[in-house]
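Across the two complexes that follow, subunit A remains constant while its partner is subunit B and subsequently subunit C.
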Partner chain A sequence: MAEVSLQGEQRVFMTGNEVVAWAALAAKVDIMYGYPITPQNEIMHYWTRLAPKYGKRFLQTEDEISAGFTMLGGVMTGRKAFTATAGPGNVLMQESAVMAEMMRLPAVFVIQQRGGPSTATVIYAQQETTLTAFGGNGEGHRIVYSTSTHQELFDYTIKAFNAAWTYRFPTFVLGDGYQAKMREPLTIYDPGEKGLELVPTEPMVGENKPGKQFKYLRNTYNTEDELYEVVMDNQRDWDAMAPKVVEWSEKGCEDADIVLVTHGVVSRAALGAYDLLRAQGKKVGVFRPITIRPFPDKQLLAAVQKAKKLLVAESAYGQLLKLVQGALYGAPVEIVPVLRPGIGITTEELVEEYNKL
Partner chain B sequence: MQELKENNHLQPAMPACWNEETKPHKFCPGCGHGIILKALGEAIDELGVKDQVVFGCDIGCSLLSWDFFATDSVQTHHGRTTPVITGMKRANRDIVGIAYMGDGGGYAIGSQHLFNAAVRGEKITIILCNNCNYGMTGGQMAPTTLPGMKTETSPYGRDVEETGYPTKGPEMVAAVAPEGAYVARGTIANVRQLKGFIKKALENQIAGNGISFVECLSSCPTNWRTNAKKTWEFVEKEMAQYFKVGELRTPQVKEG
Partner chain C sequence: MAKVVKIALAGEGGQGVQSIAEILAEAANEEGKNALYIPNFGVEQRGGVSIAYVQISDGAIGAPKFQRADILIPLSPRAVKRTKMHAGRETVYIYDNSLVQEAEVNDNIVGLQYNDVTPPCPAAGEPNPGSAPATSVTAPNKDLPQDMIAGDPKTCSFTAPGPGVNPADIPAEVKKVIAIPANDIAKEELHPRVFNIIILGAVIAATEVLPLDSIKKALETKLGDKFKANPALRDMNYKALERGYQTIKGAM
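So, the complex of A and B:
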């Protein structure tokens, strides 16, 4: 593996998984916990090669349940920690994710979505959108960044640690197998040198100071009312946080008759279609939620004020669609779905779908 | 009462690392958890490691200990105490990590964690309360339920043809852990010995030798539906007959 220094900016050509490992290093992560599953494996492969050189640690656990919970143990001691998984592993990690929601633990999960529910089709999908945003027996008190390029994988992985440690909600970077395995140029950098401050960590337990006040971290409550108070406190914090972390991108929506709504890697096809159709003089726009949770409801509603139709395209059967429908409930705009679970969507296919409208 | 305490006339006999404000504890009358936690508390006191301790408790009756000690404490999900304490110790090697759980948490829902923590020789201390049933949920069959024993999910007695034999946890840990492990089975019927085992299990972690595991034979009169005499007989005789008390692994003394 090539030795790449994190001094200054560096133009590199890497797979997405390698990018995540470098981003974790750039974010000054102390320890990664992980369990093998395709297509995220190379995050661990690169981390285990990089980690010892930078005094970082790695623990390969017995399963994803353990990877999630060992990570929670790590963050409780004030160490910056993360894990990465996909598919069924994402399902198993929801138990630790909901504990992180309730106990307000700054856990970071990188998800490289794969097709399912199945094995072998481990290549690509956007079928973990609902799971990653709302998985578990809770209210979805979390942040989910859906990336679409390798540059974003780098930027948002760093951002995920800052968001987690600022707001103390579990934070997810939602990628997919295409992003994980594809090689692409990007610029990696040391965040400090760019003036990007890394949010400091602090131990919740395990600090050995004389005369320290001991702490109890618990996720057990005596009454419905006590639980209600905790959930509602978290809800209020989450609601206050949402406008500060919500992110989206849009182009050409001001005068668009038709807006393409996509997220993640499919947004690249949408941008391609946008360029082609605009070159033909078509009044088309694109809208992309970058945070799937919190979802940019208001921003989407504002962006489609002039639109007659929305083309919602995703590599899943209606997971983004539900979020869009929720955001636009009552709005006089027709929603046309393009739903292709587990397969990629190209620029040409989107242009074709557009031409059918 | 407060006056008597302040003037040192009445000093409750409890370990200094216990949180006095949460006593009396929340366990049922006749439950063995209090005795195990007293042995653990005295061991922590004697070693003077209160400030380094992070005490993790599982779900089930063991969760009632979430505010038991005047030490950093973490209550986790069912079966997940071993990975949480493992993750802490891996991230910060200065802590004394204690994972406290029942037989369900250790031998059923969290058995993969216990097994693999043992295989990896995680430098943590696991204390497991074996009371032959799931207490908190109302007395169902546990991995440790004795053959023929009646529980809510084995109302005609545990049929070993259908459900297998009770799990022998320390034997399993002892079989797979690398050198440096400390493994023992104690009982609330011999508190002095139990405290010795727990103390060694903490010392072994502090020395960085390897995994330390102590199973404690314990009582559950509420779900066993036994009186004091029968409870004690069950712990002392029937349980100890199947689950042999003693040390199974001690680390080899390093040559000077």
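So, the complex of A and C:
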């Protein structure tokens, strides 16, 4: 294997887990906190291989609850920190994720979805979409990027740290077992060399310098009114942030009769189907939310103005569908769901589903 | 829209299908093409059949897995049965019709979740069977994490006279069926370890998306150190590659 470096741009061929470790390095992360679970194990493996060479650190904890909370501790002291997990581990990490929402801590979680519910499979699913966007006892005050290629996995992992430290909401990179384990080419780079600025970090506790405001981080409140104020403040910040971070991609929606709506790795099948169907002269379009949270509601509504039908396809039973239905409530377009929990969706299958319409 | 060549390889755990797929995809990447390789992994593989999906194209590649393969290569009687769903009218079907077959192993390693554990390396044995380490077929390769596989000698590939592929299991409606006695060739003419390299040569001949030299380069990258230490290994691997290539070229 050729030597990989972050100097200049370099085309590499690697697994998605390796991509995440390199992206964290490119984002100048200080430390990863983690607990092993398939299919994200290799993020930890590669990070622990890279870390000593670059003066970075790693802490393996006793479980995912503690990986999440130790990460929050790191973040409070100003360390750029992240963790990675999947499936049941993602469930356990929601407790620290909502603490990050409450305390406005810029924690970064990388999720490589596996089958659910419970232990289920170690392979693949999109069944953690709702969990990742709205998990925990809160209002979903977070950012969730759903990637579909290794290039995006690299780009959005870097972006996740910037978004987290800019807006001070926990930020998730939502991948899956396929993206974790497959190999494909991408270009890795040093963000600085590309003129991409990395948002600086700062300690939130333990600083008593003059001019530095003492911050009392709380997650416990005594009265309903007190809590209401805090949550509504966070909601207002989140609402103000949403239009700045929302991302989506669309193709061919201007004249499409039928629009395929997918997210994450399934979008690859949608793009494949789009190419095949357009080559046959079919008026088809694709729409893909890149941020699952905030969801591109307005953009989706605008994209399907001319469409008669939407084909919503996901490797879960209606998690993306609910977001789409929420965005399009009252719109006259018919929604046809293709729901395959815990199983991959191929280009051929989407073409077949299209032809059934 | 650029054509995407879809290749599915399947074999017994330890037969080396994942290494072939990886070398193939890496060679395609080095040639400047787009390549995508994904192993199937997970508890469903307890049966011991491991499948590798490779796609190569000059353009974008869609979903990581696919329904119908352009080239389907099942390398054991069980793999023939397991991969029926990937055979279609446009499929070139290559199977191993050797008298000697890969033994069926309920592989605990490939079978669970350690798909990143390397299958037996074609250079792990020595070309001269006399000098091969006595443990090479009964113990796990030394480069595998030993603590993870303690007490489980199933990570090495070994062959045994078997019933062979039942002709009734071969899908009828495919573009072309080609039989290659790769196990026999490896055992009788070369070395059992290069079985998967013969298959790699066969895949190159059948797909015609990559020059044979690109595979030689990829092998050099992967096994360069071992080749340097023992140049005879390089010759043997190249010979196996050529042998697989010529066998299919003659049949296409």
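Everything that follows uses one rule, which is that the second predicted complex is superposed on the first by the 343 of 357 C-alpha atoms of A that agree within 3 Å, B and C clash if a C-alpha of one lies under 4 Å from a C-alpha of the other, contacts with A are read in each partner's own complex, and residues count from 1 in each chain.
The rule we apply is simple: a contact is a pair of C-beta atoms (placed from the backbone, for glycine too) under 8 Å apart; a residue touches a chain by one contact, two chains touch by 3 or more.
Note that the structure is predicted; figures quoted are calculated from it, not measured.
In the superposed pair of complexes, A:178 makes contact with subunit C only, with no contact to subunit B. Looking at the shared chain after the overlay, A:349 reaches subunit C, while subunit B stays out of its contact range. With both structures placed on the common chain, the touch criterion links A:166 to neither subunit B nor subunit C.
Once chain A of one complex is fitted onto chain A of the other, the partner contacts of A:279 are limited to subunit C, with no touch recorded for subunit B. Between subunit B and subunit C, B contacts the larger number of subunit A residues.
When the shared chain is aligned, no partner comes close enough to touch A:151: not subunit B, not subunit C. Taken together, the two structures place no residue of subunit A in contact with subunit B in one case and with subunit C in the other. On the side of subunit C, the complex with subunit A involves touching residues 1, 22, 25-26, 29, 34-44, 60-68, 113, 115-116, 221-222. Contacts from subunit A toward subunit B in the complex involve residues 30-31, 33, 57, 59, 61-63, 65-66, 69-74, 76-79, 81, 95-96, 99, 203, 205-210, 212, 214-220. Of all the residues in subunit B, the ones that touch subunit A in their complex are 51-52, 54, 59, 63, 66-67, 69-77, 80, 83-92, 94-95, 112-113, 115-116. Remark: subunit A residues 1-2, 13, 38-39, 42, 121-123, 178, 181-185, 265-266, 268-269, 271-273, 275-276, 279, 344-349 touch subunit C in the complex.
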